[in-house]
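Order as written gives the chain letters A, B and C; numbering starts at 1 within each chain.
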Amino acid sequence: MATTTKATPGDLKLVALTRHFDDFVAVDGIDLVVPGGSFFALLGPSGCGKTTTLRMVAGLEEPTSGQIMLGEQDITGTRAYQRNVNTVFQSYALFPHLSVLDNVGFGLRQRKVADWRTRANEALELVKLADRAKQRPRQLSGGMQQRVALARAIVNQPDVLLLDEPLGALDLKLRREMQIELKRIQQEVGITFIHVTHDQEEAMTMADTVAVMRTGRIEQLGAPSELYDRPATAYVANFLGQSNLLPLELRGAATAGLVTASARGVQVVVDAGQLPADAGAGLQLGIRPEKLRLLGPGSDGVANRLNGWVTDASFTGVATTYLVKMAWGQELTVTQSNDGSARAGLGDEVTVGWDPHQAFVLPAGAD
Amino acid sequence: MAALTQAAVGAEAPAARPRRRGGLVPFLLLAPALLWLVVFFVVPTISLASQSLQTGDIDNGYTLTWHFATYADAMSRYWPQFLRSIIYAASATLGTLLLGYPLAWFIAHRAGRWKNLLLVLVVAPFFTNFLIRTLAWQIILTDNGPVTGFFRATGLTNVLQAIGLTDNNSLLGSQFAVTCGLIYNFLPFMVLPLYTILERLDTRLLDAAGDLYADGWNTFWKVIWPLSLPGVVSGTLLTFIPAAGDYINSKLLGNTQTVMIGQVIDAQFLRVLDYPIAAALSFILMAAIIILVAGYVRAAGTEELV
Amino acid sequence: MAWLRRNLVVIIGLLVMAYIMVPNLVVTIFSFNKPNGRYNYEWNQFSLDAWLNPCSSAGMCEALGLSLWVAVAASLAATVMGTMAAFALGRYRFKGRSATNLLVFFPMATPEVVMGSSLLTLFIAMGIPSGQLTILIAHILFTVSFVITTVKARVASLDPALEQAAADLYANPTQAFWKVTFPLVAPGIAAGALLAFALSFDDYIVTNFNAGASTVTFPMYVWGAAQRGTPVQINVVGTVMFFGALAIVGIGQLIGARLRVGSRRKEAL
């Protein structure tokens, strides 16, 4: 399939893209650049506008205003069948009256490609379904149908491939397999993939860049590790994994890159480099559960410490997750690796600590 | 066949609600059929209503005089035929239900690989002439035939006569024959919607229910029957409505004591040529059916047919 | 006893099946009869006369030809109009949609005698003479609703994503319709057309009101014969129709099963 890899396609650019449905604003002025050849994920809960955005790129939905650029070309006004963009639909939308091969060859024949049969077969080989070419979609399992849908889109060598919750209908095990498979295929063909999903794990596993969407806007955009370690808002912090959030007041000036501050009356230090530019409405300190540690004896060097007692402990194999209740009533979640580090029992008084460089600081107010 | 069933069940709940707004397109697509329905159905219905309130005669023409007395006249002269039509249609509906339900169940769950063949055989009479099949009943029920012979030998003719379904020692030319013909002719209309519903029923559920209740009768009334109600409603409507207006069975298999209202309307229109009273009778029949059906649909709590 | 209880529904089912089949069987058997007299009611003697001379009964083949012509023309017109309307009702949202659905439903709920007589009053009022034209108008009227209902169910059950997928794969709206939508709706259209044909070909009551004196369709011919004496040829026609219908439906089922299209049953499973 290496033959189908082509020169880096142009970037996909969305400029102030907006879509209204009557009074409802589904997509609210999105500006976005998706670099050519990247694996991009649009992540958000249902109703956040991610699918509408995708459908506008596909040409299945007309923007109320704004622009869609593919490379140097403005494709806003073109219809779906005129765009070199293909979609893997959520329901797969395989044509039930056509064989698997005819499904995959549909787009090529539409464009009068002479060797459509050869290329469709190549695409089926890529998704490991060459032996099913003569069957009807209904005779295949869900996972196979999904791969046929993928082959049907990829075979056209689109500039951009859109995936609308493509793994939503699969069971967990198959999903994991397909995540790896999709990533492999994307790297092999080098096409820009835009993947819409509400599953944060799926987005982080596959994508180079993730855009977290909320009520028609992009809340934050970045590499998965960046979004996870440095979320810009509490919404992003909570959507991608779990976070313990504490109100934070700055007390001193920065020394050696650290700032002294107070959280619920307890003195803590935070990484000065993480302070947001706009702290007008106050600050919040965020610590991921796995970055919190139960402190045993001989850990006096740890700068940030909070005292509480264990109200719940659940063993999950690789780790144990504790709920630790603070004096002000808040329960912090602590995930401790089962690597021989300190353990605690229900009701034990414990001290938890963290490295200031492993925590993040958010502006307060926005939830 | 599936489509025939759908037509029989009425508009089945669509998978996806229509979502498009197409501007003028839907109206252009609808125009021919809608025009046809308005010109040849709505207008004639109004024309029928108007005709029923006119006075005059065929030679000098009719004028609209709002002569409501025609209705009173029609009812006082022909109420027995009306009543008979309703009773015959209701008995035929009950009969088709009693016969059609076990058949539909049998085809849906016990017929195995014969399922499709049996369905074809149920539908096939649709494609054969209604009259020829009804005439076949004349042959079957004829006085010297084996069926009448069997009924006479077992004394069943006396039973039928005693409960008033036949007038003498024969089977033909009686209420019994008319009802048999009606049931026969409308049975497919009952079986298809019932089959569609029963076929979707999960039999494992019933095995479970059969396991829990010792009484199979209970399983039927508490599980199967309620779940099959939409099919029952469609089937009974599809049987009752045409049966109430039918007169082929009563004419070919009955006698002068089994005349149904359709026969009267036919005679008044085509032979007596008394248009106002014929129109009034038609209108009463339509109104009676609409009222009965509306009440029934409301009672059954389903509007699936529409 | 337990066996009887377990198989009671099978026994009743087979008996009812027999009830459905017996008249057709009788029609077939009596097509080989040589009746003693004008009425073909009692078995007399085996004969192939009627099968060898199907048109020897005066007027029957003309009536048959007329019925076939009317049924083909009416079902064709009803299928075209009905399919268009079904697409409008099945996929568009517009003002007056539910009123239209009701208008489509009413003719199916109207007794034939009422529909026939009301059409007759209209034709009389407008001075249209009864004949082939009025028969055709009436037949299109009472078949179009059945076509609409049948095709609409099919259109509404189509996944809208399929057409979008076609558009996504470079098919313009016309191509998407003919390559995807139409093949998927076609079984519904075929079923609607077949139903319309059967209803038209079989109709007596509505036709009788609107045919006039000199136009005789096949059902009218049979009705007349029932009063005057039934020629054996009627049974020949009945037999041919029955087995022809079996063959058509059987072939349709076979094709349907092979294509695995239109089998809502399987989807439901």
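Criterion: a residue touches a chain if its C-beta (ideal position, glycine included) is under 8 Å from a C-beta of that chain, and two chains touch if they have at least 3 such contacts.
In this text the structure is predicted, and so the values were computed from the model without any measurement.
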| item | value |
| --- | --- |
| If a chain touches chain A and chain B alike, it appears here | C |
| Chain pair that, of all pairs, has the most C-beta pairs in contact | B-C |
| Core chain by centroid distance, with centroids computed from Cα atoms only | C |
| Between chain A and chain B, centroid-to-centroid distance (C-alpha), Å | 60 |
| Chain centre separation in whole Å, for chain C relative to chain B (CA means) | 16 |
| Distance from chain C to chain A - Cα centre to Cα centre, in angstrom | 56 |
| Per-residue overlap in chain C, given as positions that touch at least 2 other chains | 159 |
| In chain A, residues with contacts to at least two other chains | none |
| Residues of chain C touching chain A in the complex | 159, 161-162, 164-172, 175-176, 179-180, 183-184, 259-261, 266 |
| List of chain A residues in touch with chain C within their complex | 58-60, 79-82, 85-87, 89-91, 93-97, 106-107, 110-111, 136, 138, 152-153, 156 |
| Touching residues on chain B, where the partner in the complex is chain C | 1-4, 6-7, 10-12, 14-22, 25-27, 29-30, 32-34, 36-38, 40-45, 47-48, 51, 99-100, 102-103, 105-107, 110-111, 116, 118, 120-140, 142, 144-145, 184, 187-188, 199-200, 216, 237, 241-242, 244-248, 252, 261-262, 265-266, 269-270, 275, 278-279, 282-283, 285-286, 289-290, 293, 305-306 |
| In the complex, chain C residues that touch chain B | 5, 9-10, 12-14, 16-17, 19-24, 26-27, 30, 40-42, 80-82, 84-85, 87-94, 97, 100-107, 109-115, 117-122, 124-125, 137-138, 140-141, 144-146, 148-154, 156-160, 187-188, 190-192, 194-195, 198, 201-202, 204-205, 208-209, 218-219, 222-223, 226, 230, 234-235, 237-238, 241-242, 244-246, 248-250, 252-253, 256-257, 262-265, 268 |
